[in-house]
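For clarity, chains are labelled A, B, C and D in written order, and residue numbers in each chain start from 1.
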Amino acid sequence: MQVDCSLAYALDGDCEFVFLIQAAMGTDQTLVEEELLLQPPLPYRTYTDERSGNRFLRLRAHAGVLELHYHAVVDRAADRVDLAAPEVPVHALPDEVLHFMLPTRYCESDLLGPVAQQLFGALPGGHARVSAICDWVHQHIDYRIGSTTATTTARDVFVQRSGVCRDFAHLALTFCRGLNIPARLVSAYAHFDEPPPDFHAVFEAYLGGRWMMFDPSRMAPVDQLVRLATGRDAKDVAFATIYGPARMVSMSPVLNVLAARADTIAHAPALPG
Amino acid sequence: MQVDCSLAYALDGDCEFVFLIQAAMGTDQTLVEEELLLQPPLPYRTYTDERSGNRFLRLRAHAGVLELHYHAVVDRAADRVDLAAPEVPVHALPDEVLHFMLPTRYCESDLLGPVAQQLFGALPGGHARVSAICDWVHQHIDYRIGSTTATTTARDVFVQRSGVCRDFAHLALTFCRGLNIPARLVSAYAHFDEPPPDFHAVFEAYLGGRWMMFDPSRMAPVDQLVRLATGRDAKDVAFATIYGPARMVSMSPVLNVLAARADTIAHAPALPG
Amino acid sequence: MQVDCSLAYALDGDCEFVFLIQAAMGTDQTLVEEELLLQPPLPYRTYTDERSGNRFLRLRAHAGVLELHYHAVVDRAADRVDLAAPEVPVHALPDEVLHFMLPTRYCESDLLGPVAQQLFGALPGGHARVSAICDWVHQHIDYRIGSTTATTTARDVFVQRSGVCRDFAHLALTFCRGLNIPARLVSAYAHFDEPPPDFHAVFEAYLGGRWMMFDPSRMAPVDQLVRLATGRDAKDVAFATIYGPARMVSMSPVLNVLAARADTIAHAPALPG
Amino acid sequence: MQVDCSLAYALDGDCEFVFLIQAAMGTDQTLVEEELLLQPPLPYRTYTDERSGNRFLRLRAHAGVLELHYHAVVDRAADRVDLAAPEVPVHALPDEVLHFMLPTRYCESDLLGPVAQQLFGALPGGHARVSAICDWVHQHIDYRIGSTTATTTARDVFVQRSGVCRDFAHLALTFCRGLNIPARLVSAYAHFDEPPPDFHAVFEAYLGGRWMMFDPSRMAPVDQLVRLATGRDAKDVAFATIYGPARMVSMSPVLNVLAARADTIAHAPALPG
């Protein structure tokens, strides 16, 4: 899968940028090639958060225009979908997974716990229950661009019944946490025919001892995404966090699914995408 | 039906009280006898709001203890329940009824409209739809004393799934408004075995050209209530609105259903009460 | 003052409209001429709410385009500004004014009461205190079109520190109510150089035994407005409440301050505007 | 300083507990002695989160009563208060500190940023600004037990103007984040004369290249606390997170400041802890 992402900003003064736009490296993704171009050329620093695997790009830019171009080719191992994956009882959850059951800025699982119990508490646990959550969100939340803002939370979305991919993922993962299923947000590059190119957001639930990806917006197959960053909710995985007087001028994150190449297949034999 | 209501307050200084504790007079209620006692004796003023029929009792009290005893015997005409009552199309609604479709402090029908549409929009209209709303509220909201406060709104109750009678009524009437069914709150005396005596709150929906009463808490039969006041939501029908440093010390609104007496029925029309 | 208001809607089906676009009649305004034109011509009904003086225009329209043109010439008596007007103690407030101290959908004076006390409780009461409230709102709230929506409340505005004229008025009147000063919203035609023509919202506080108008947005002199409607908050004075599938296509409420005419002056001698 | 903490729970079934009640180990605290007693005796596991230094105690208990007694003697190095400590410009902040500027469940610094700018943006930066924030919170927020719940956020506290120590700390640290000053919550044992023994919450701001502790509630000197846990907000440092049907029966976290001992003072600086 080939990623081409261009971002442009207009700066009225010095700004500090923290980007999360590089493809994550890990067991399910292999970087084949990668290129980063800044215009004007500026010193930058990258570092990887050990725990999340997120690859931060940090830089300081001055008044004027900042353009950033990122190109990567990524092999993605097919997701091992296990429809029979059970929920893990809380006492058996690994220590480092526990905090993914806590409420966060956009995911008030403390407030929505009773709703989650009413809607999904009586269902069989495991993959089937998380799928039922995704179905409910897909059926009850209207995908509508502009219906939410940067401060909209899962509770808001539950009440107003509309949102975008990030809101779909927030609400679904909030329900999971309300049922003591650890869940986290994943930002990604995805290929949409419609709407125009944008970053995508999905979520992962901890089932059967590993993280499994779900997309309640059903906008793109989850094995045709390129994973960017993983976090508690959207504020942890923002593609750009900016300190200073900058406006985004344009954004174009494009994912194309390439035809499988022989050398790629060698690295990840089972790859369909 | 016999009402005996005692209220006691401790005042740290001058306070202005506006009470709504007197049985409403109107087509469905007839006052047989009524008595109001203030301790210490204080001048007071009563007036009836022409539009709502609410009977206000207004007085000014000074530092110390204020006790109020209200006694009344009321005949209540049996509610004409019409299970086939249809909704009235908006263009046929009387002018003075229109504003009962607007959102209010505790009833954000603008926010909960999409939920109301999802849950009840496809059901047959009229009495059956309002009954379905009451059933839903009764099944999904947990009656729990202390789970809400004076500032809790219908949206809060919809999310937290718990409340008391007032919250049940607020949520149900908010759904009605979200479906363009005019609805309003009614405060009342009711007879409960459990919990201890308290004022009750139910609501009315405008169906088939008149107001019909519903109690989504199902705590008391709606024809065994004594109606106090009617309003847009709880702030309009508070049994006491107080300006000044007062604390309620005790409250005991008791309703007893008397055996029907022939002489009562005979006297009802002539009473000045 | 001359009002020319044009509204256009696109309807996908039958719609019921309730407009509040006609100049109010009352002690401070005299209608000199008035004209209402509907395209297509449709039957309509007007009625005046006795209590508020609001002049409702109600009609049913069918799929297609609806255009409405309203023209009026209005004389407005100069507002008697009384900088020494005192607050009226609660026990001396007229009964019908009391409910303008209650919280409403957009004006949570119950929640913002403690803030109002902290900010303004120690100031001298009366006109000076309400002026201080307007100053505070003007200084702390950023006028920014698009920063609020139809569901934004005074609390939201207090936190986010931005809004439009309606939000300025809501916040200021909420502070008044939190201090036991009755206050209500007024919609109006106003003349702005900037931004483009729109309905205006100001508020009135009950001081010295009468309602006095304030504009915390300071967008137009309060004696160069034409009053439309008065209510508890914005939902009571919406220029259009629509039931059905309609979209507003254009809106152009224009106020021009005419040169004083001799015959007008005869009716309201002191008029500058 | 000597800590004696007893907790008792009644369990209706199996429960998983995650406690954060052990004194933190680090540069400013040295454990002299420590004892943990469970009744009934149960297997438990402790682990330290490398990043935060929090010492988790995790265990599974069965229906019945669970009692936990914790005793520790801790030396606390006097806090190096540096009144001249400057704020660190964002571009100079260490990577691992950045996320303490993000909004969290209880600290909506995105929403309260404009308020923080208005109130404190024009003040000189550094320790003086954070002190001014603490002064403001102390002066404007009323300490009132019972005025907030487990779901109360900084925004709620800012509006309602009341709370307990946790709310004071949340609001102050939210203002810091709104000004791009990294800030985090700290739970602690403290010695109060009044109210009765409870866990305490304070916060730390990142100034002059290190974390400095502040207590906007001013309930206890910050150098007479024993630090328990550090996190983004209260949900990260809860003294007990419980999964299952348990009720707390009693709680008694007591801190006594022991007379300084010569040998302790002598050893404190050299200890590896």
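Just so it is clear, contacts are C-beta pairs under 8 Å (C-beta built on N, C-alpha and C of every residue); 3 or more make two chains touch, one makes a residue touch a chain.
The shown structure was predicted, so the numbers you read here are calculated from the model rather than taken from an experiment.
Visitor: Which contact partners do subunit B and subunit C have in common?
Guide: none
Visitor: With centres defined as the mean C-alpha position, give me the subunit B-subunit D separation in Å.
Guide: For subunit B versus subunit D, the centre distance works out to 45 Å.
Visitor: Between subunit C and subunit D, what distance separates the C-alpha centroids? Give it in angstrom.
Guide: Taking the average C-alpha coordinate of subunit C and of subunit D, the gap between them is 48 Å.
Visitor: Scan subunit A for residues touching two or more other chains and write them down.
Guide: If we look for residues of subunit A contacting two or more partner chains, we find 111.
Visitor: Can you work out from the touch definition every pair of chains that touches here?
Guide: Applying the touch rule to all chain pairs gives A-B, A-D, B-C, C-D.
Visitor: For the complex, which residues does subunit D have touching subunit A?
Guide: Within the complex, subunit D contacts subunit A at residues 14, 16, 18, 47, 51, 56, 58, 60, 90-91, 95, 98-99, 102-105, 108, 110-111, 150-151, 180, 235-236, 241, 243-244.
Visitor: Inside the complex, what are the residues of subunit A that reach subunit B?
Guide: Residues 111-112, 114-115, 118, 140, 142, 155, 158-162.
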